[in-house]
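Okay, so chain A shows up in both of these, paired with chain B first and chain C after.
Here is the complex of A and B:
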């Protein structure tokens, strides 16, 4: 049970930090909420959808800066993508003898980069689809058109790119949808992975991402 | 017999299909009133107009109550794209 106890020793120990630092926890849950809201609940292309997309861009930027300058376990260098190590970790998991790692385990690290890749793809294509106009501008346009005034769009000086631009936007839309759906599938696998890993390590891996350690344990 | 009736059916549907919907390039107008009238004439009853990506998106239903998204350039009043709402 030495492994379990080491979880309370913080960064530099054999197991991931308990709790994860506040920025990692906050960005994790805010992005999880954003993915659920934009992927499953709100109206695609609506003002709320676009606001959330911009918020995700900000969170991603913050997290990436944290990946360079944050605490050791949050840095990219603590969980560089290593497909071979990921495979051997999964094999160890099947034999229910996974090792502990100071940050994300190698399989989880691949998942982190895959999810980030999807987030970047989805937000970037979202910007292409909206011409990178701010959610405020878009809300004003929608309100004006709903009130029967189309002139705001004429003055807005957009969409003069012709057929080529339309094709580009349509391609962006395809990528946006495929990447978003892929991300939802990956998120499910991620949750399943956390459950399996928690059972295998006999340790709740969700708690450090929520509250952190229960001190009197 | 079946072949014949199918042929008749197809032929009789052709004119309907040809005139049922607006097509890309049609000029339908640069304000809600004109566009509603033009789209109705082309066989699509407008439910609402929305701003989407700098264009006007008209949501309209055809004779069989199928929902379509007709994109209109607000500057020229021309239909730029038509998509089935799925």
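Here is the complex of A and C:
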């Protein structure tokens, strides 16, 4: 055992880690798809937008629980934020001599937390904007209004609590938009980072995120 | 060679299915809890709310169970892979040592290894770019040095120790 551990640490380049379990992979691509759909494609505030937002809420919650109880590489403890290490990793990347890490590299770890922060901000403010009514309720209300029963709207307004709430909701809307745009920019930087890192490590970093562990022995 | 990518395949499909199911279940739970939340909040003691709370509890514990199962499976796969690697290394070391104890020449070692892997005479000859007669002669010398009657006993020599002595000889009743 000890023999194996030292060999896997010493010769990272010989056996590159393939750390992404199926849950990490699936939640990654689903959230990526959701961000693209809600940020760029569908109508903001529309029914589909809200459905997707709620689904993201679930995916995010699951990923956070997995970050506490999942396998070692998926756990937060494997990639705690460490700005100093992140900077030195970026410098190493410029000198095109980056190290291999068992999980996210330190710079990528910062990116992960930044993206998660944006996702939490966007979904939380989204909930505030819709009064935390579930997509099912909203769909029912819309159906009722379409059928000519406007009383649901009065109920919804009463439920929300008046003028004080409106100001709060406008602030939430502001945060929602800023965080969403910030997230799209960060996602672009993330993709660029993967490309640069792949080049300088001379191996495809996208492949393990799609297929998981691929051993070509 | 044939079984180079064998060990991971079955487990991978299983873990992917578990993960997919877990994601679906979580999204379903979020929608359900989101929808039931106002009921729970407004009248927590009504039969309707109690029932919804029960369903939510079952759904969410289901997610944790699947997650637990997924983690166990992932860990088991990793352990097996590690054990397999160790075993591979150990077996080839044992074979090497034994070959040198028998005093096989390097060429005989190669031929012996290929024979142990189950290749037949023609294949070994093709791989080594040698005539079949040469390979046959080498094999004969290997068997003589190892003091075995032929290929079956030669292969059994290494397998024997891996098997427990629990093979019950069935007596006719």
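In this text, the second predicted complex is superposed on the first by the 185 of 217 C-alpha atoms of A that agree within 3 Å, B and C clash if a C-alpha of one lies under 4 Å from a C-alpha of the other, contacts with A are read in each partner's own complex, and residues count from 1 in each chain.
By our rule, a residue touches a chain if its C-beta (ideal position, glycine included) is under 8 Å from a C-beta of that chain, and two chains touch if they have at least 3 such contacts.
From a predicted model like this one, the values you see are computed outputs, not experimental measurements.
Asker: With the two structures laid over each other on chain A, which partner does A:196 touch: chain B (first), chain C (second), both, or neither?
Answerer: After superposing on A, A:196 lies clear of both chain B and chain C.
Asker: One more residue to check, A:27. First (chain B), second (chain C), both or neither?
Answerer: The second partner, chain C, only.
Asker: Mind working out whether A:145 is in touch with chain B, chain C, both or neither, as first, second, both or neither?
Answerer: In the superposition, A:145 contacts chain B only.
Asker: Touching A:62, do we find chain B (first), chain C (second), both, or neither?
Answerer: After superposing on A, A:62 lies in contact with chain C but is clear of chain B.
Asker: Between chain B (first) and chain C (second), which, if any, makes contact with A:166: first, second, both or neither?
Answerer: Touch partner of A:166: chain B, not chain C.
Asker: Scan A:135 for contacts with chain B and chain C and give back first, second, both or neither.
Answerer: In the superposed model, A:135 contacts chain C only, not chain B.
Asker: Output check: A:71 vs chain B and chain C. Expected answer is one of first, second, both, neither. What do you get?
Answerer: It touches chain C, and chain B stays clear.
Asker: Between chain B and chain C, which one contacts more residues of chain A in the superposed model?
Answerer: C
Asker: A:54 in the overlay: touching chain B, chain C, both, or neither? Say first, second, both or neither.
Answerer: second
Asker: Under the contact definition given at the top, report the residues of chain A touching chain B in one complex and chain C in the other.
Answerer: Residues common to the chain A contacts of chain C and of chain B are 133, listed in rising order.
Asker: Applying the document's contact rule, which stretches of chain C touch chain A when the two form their complex?
Answerer: Residues 4-5, 8, 12, 15-16, 18-20, 22-23, 26-27, 29-31, 34-35, 37-38, 63-64, 67-68, 70-71, 74-75, 82, 85-86 of chain C touch chain A in their complex.
Asker: Touching residues of chain B toward chain A in the complex: what are they?
Answerer: 30-32, 48-56, 73-75, 80-81
Asker: Along chain A, where are the residues that touch chain C in the complex?
Answerer: Going by the criterion above, the answer is residues 4, 21-23, 25-27, 30, 54-55, 57-59, 61-62, 65-66, 69-71, 132-137, 212-213, 215-217.
Asker: Flag every residue of chain A that touches chain B in the complex, lowest number first.
Answerer: Those in contact with chain B are residues 45, 129-131, 133, 138, 141-142, 144-146, 148, 150-154, 156, 158-159, 166, 169.
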